[in-house]
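Both complexes below contain chain A, partnered by chain B and then by chain C.
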Partner chain A sequence: MMMDGIIVAFCCERSGYPAADLAGRLRLHYPENLRVIRVPCAGRVDVIHIMKAFEMGASAVVVLGCEEGACHHMTGNTRARERVRYCDTMLREVGIEKRTAVMVNISPNAPHKFVTAAVETSKILEDLREAR
Partner chain B sequence: MEARIGVLICDCGQGMQNIDFGALARQAADLPGVTSVNLSSDLCLDEGTKKMVSLIKDENLDRVVIAACSPDMKEHIFRDMLEKAGLNGNLLSMANIREQCSWAHDGEVTDKAADLLRMAIGRVRLLRPVEHREFPVSTEVLVVGGGFSAISTALRLSGVGLRTTVLESEPVLGEGAGEKEDLHGLDRGSMIAAAERDGNIDILTCARIASVEGAPGDFTVTMRTDGTETARKFGAIVLATGFRTELTPGPDALIDARELCSAGVVSQEQLLGMLSNLGLEARPAIVGFLLDLADENSRFTTLATLNNALAVKSRWGSEVYVFCKDVKVDSEGTERLYRETRECGVVFLKCDSAPEVTVDNGKVRVEARDVFLGDDAAITCDLLVAEELPFPVQETEVLGSMFGVRLDSGGFYQDENVHLYPVDSERKGVFFVGGCRGNWDIVRVLTDVSSVVTSVCGLLCPGSIQVDVEKVRVDPQKCVACLTCIRVCPHSAIQLVRVDSGRDAAVISDLACDACGVCAAICPAKAIEFEGYRDDEILAQIEAVG
Partner chain C sequence: MIIAERKPMEEIRREIAPYKKILVAGCGTCVTVCWAGGEKEVGILASQLRLAGSSEGKEVVTLEATVERQCEKEMLAELRDKVEGVDAVLSLACGAGVQTMAGFFEDKPVFPAVNTTFIGMPEKEGLWVEMCGACGDCYLDRTGGVCPVVRCAKGLLNGPCGGTRKGGKCEINPDEDCAWVVIYRRLEKQGRLDLMREYCAPKNARAVKRPGRIHAAKA
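Moving on, here comes the complex of A and B:
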């Protein structure tokens, strides 16, 4: 499939996106298969966006929102967490077991956490691939 | 009509060596709708911008993709560039090939850059223009509260020429709790006098807010004084309601001791009174302080304890013991103050659990295990100063729900990201200053005051606010008036309005909307469109990957 191996990262423009930028500025390297899509708030990310990425063949979707309790739009990040959980459950239910949807809470000044999120998602994918 | 997309690629002054720009440009040129591809290395500088403006005009482009640095850096400059060339600023999409591509990976990344460029082109095709409008604003500011933070804010706002109204629920100004620590040379009395003299400042005492409506630049506040209600317009509202303090560890443990030995246990405030009134012959020989008994000591308590311990030592020459778990010195100058206090002979006993306070022969006895001595220390004090912790004032909760702003787990107003939005609330045009957000000290209050003056000036001083018209819009035909968006809107920006056809539909205020898109995601009828982040615009980016 076209997007096999690709991780789609929906990044909140107040946390995940600046964290990703900062990671670049600090030359902290992370897997190249990550594609960032900028959103105004993690709460803008709907189930349809996450599932579209899987439909196109993405291996993983990561939603990066603000730390809990620190969302500028109050509950955007907790709404995103619920939607991510819903999508991940749906994948399992329809028997897609080698792909995953992950929610990550991050601060705009946490580039290392961004890199960790990218690396760990890749690791999860590897584990899923090895699992029978 | 087929879109005429212009792709501008900038190498940021050869700051991206691992991208083959020639190949990138060739790949971009082959994509449908792309009319022209241009390479530049100074797109954000005057010269580059001018070249691009004439290029957009010459090639008759109708939308633009820029592959360069992060949109967080220069997107606003490029939007201006489009406007100068006669295009709507919203018809721009950026591919972040620097921070999130070239700089984030080792080795050749032309393929990823091309992918990011394709995603941006996929999105730009669907973008629609968003118009701007100027809204005139009221330049009057309402400051709620009457303590140190409120008065400082009012004085500073008046200093920049903004008419300010101070609304205090008490009969007099300056009855706040936060004035026990050193005010860094500021005199509260003369500040209040200056505020009362100031022609730009109205002071309303014994007044409360009954209701708040409206959007930034245009709030209508109904105020109640002596049973009469008046409605007034304000451009911005600053909440500076401060905090109150309580003795800790709460009534149970200390009240008993206080009753048994009325002069033995005092608060910081009582100690201050004794320091100025007590004659030298009556001075206590041994004074104890309790600090950090709850696991989170407050900044103002730490400062008050250190300042007062120092004053007791220097004025009375008493033996001074501070029983503490930790002394947290994160306020400015506290580390130095702590050293000074130790050097003048104040003894800090570091205990890992709360000390036991009992009464022995009419005197307070404090027992604790010192972790450094590894031994129990028991000290009979002539005076024991209890720890005080900050708590939210009663009106915090009422005002919070009235303004639609959140409270944190301690019941204070929830603060935003301290670096990005130091004094903002989630409702645009409503700001917080000082101890109403909890753990504050005077230096932080003064920083807040400066920040809020900057923010309020930025909002009101131009005399009007430029807003995007219908950037987030409800389609009245699709809206079923289920109220979901009104319930979830974090900024109280949506209202139910009767539309032409006689039905009710949700309408979003352009002024109050903060463009988060929470409503667009949750709307069950998919009636809300967020221009720039519409469903099809997001999906087009995903489809373009790979």
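Moving on, here comes the complex of A and C:
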């Protein structure tokens, strides 16, 4: 399955996913090219999962984990942030400048922040497209 | 253990540029521990190569495999089927692994994807430091288990140079401890400071005849 132009959102089931769910229940609008993947913790998302998403054509990957200090598994969100940064470096290393990986810390009761994250990621992609 | 670090991407891509189907081969021992060439790094590198290929409109087919030790022929045998089906092998093992692989599969070009740097140990997560120069003439009995050959920036065998900084730091690299200060403190703790007065004759630089070869009896 190719996912050209898609934003893949790996959502922690304790923060990003409930926030996305709430955004849906509140009928908040967010970019339709975003695909939510539920994960048990942001720390479950490995570098290779993000790379595979890019290989399948994703334009951006957003990892949504708990707020700093609030991870149910203690350090999952901080590890996820490091992995996201690492992935971005790996992409730049092979000359891929128009796609990006982003980490967002979010509370389960913050649907508006979820929408903002989705919109901002779309904007980042637009900026990257225009920049080069 | 042997420490290595991945080569720059441009160099890796230059090595494999003429080939279409590549086996990215990892090693499950030293280079796995130092995050340079284990199963995970194999997956990431293969993914990067595919991404780079697709972004340039060039098809790159990669196979991935990691064996326990690439420096043992018996363990390389399990890669035979995969190697037969590819144009070239990109090895993430240390120099010994790459050479064993290249010798074992003589008809396939084998390229290194890492630079083998030194024998060392993990100081903390993500930091490996050199501990041994494999000189073949070990001197650690007289230095409290600290090797001045590699841990002293000047490789001095008879006490510190005149440049030791305040706080016992190295003259060449102020972030590093002066090896001879570490040796002094260690020997002081052990009550063996008399060893500091013992003269060490210049080391035998040819203690290991190159290429090194050891016939050992099995215990």
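Operating definition for what follows: the second predicted complex is superposed on the first by the 131 of 132 C-alpha atoms of A that agree within 3 Å, B and C clash if a C-alpha of one lies under 4 Å from a C-alpha of the other, contacts with A are read in each partner's own complex, and residues count from 1 in each chain.
We take it that a residue touches a chain if its C-beta (ideal position, glycine included) is under 8 Å from a C-beta of that chain, and two chains touch if they have at least 3 such contacts.
Nothing here was measured: the structure is a model prediction, and the numbers come from that model.
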| message | Looking at A:Met103 after the superposition, I want to know if it touches chain B, chain C, both of them or none. Which is it: first, second, both, neither? | response | neither
| query | Regarding the shared-chain residue A:Ile48, is it in contact with chain B (first), chain C (second), both, or neither? | reply | both
| remark: The answer to whether chain B or chain C touches more of chain A is B
| request: Name the contact category of A:Gly76: first (chain B only), second (chain C only), both, or neither. | output: first
| Just chain B (first), just chain C (second), both, or neither: which does A:Asp21 touch? | first
| query | When the two structures are overlaid on chain A, which partner does A:Leu91 contact: first (chain B), second (chain C), both, or neither? | reply | second
| First (chain B), second (chain C), both or neither: which does A:Ala117 touch? | neither
| message | Is A:Val62 touching anything from chain B or chain C once the two structures are fitted on A? First, second, both or neither. | response | neither
| request: For A:Ile7, select first, second, both or neither according to whether it touches chain B, chain C, the two together, or no partner. | output: neither
| Just which bits of chain A does chain B share with chain C as contact spots? | 46, 48, 52
| query | Within the complex, which stretch of chain A touches chain C? | reply | 46-48, 51-52, 54-55, 90-91, 93-96
| message | Which stretch or stretches of chain B touch chain A in the complex? | response | 70-72, 96, 98-106, 109, 112, 115-116, 119, 406, 408, 414, 416-417, 419-421, 426, 488, 490-491, 514-518, 520-522, 530, 533, 535, 538-539, 541-543, 545-546
| Residues of chain A that touch chain B when the two form their complex | 2-3, 6, 8, 13-14, 17-18, 20-25, 27-30, 32, 35-41, 43-46, 48-49, 52-53, 56-58, 69-70, 72-76, 79, 107-109
| remark: Counting only contacts in the complex, chain C reaches chain A at residues 9, 40, 43-44, 47-52, 54-55
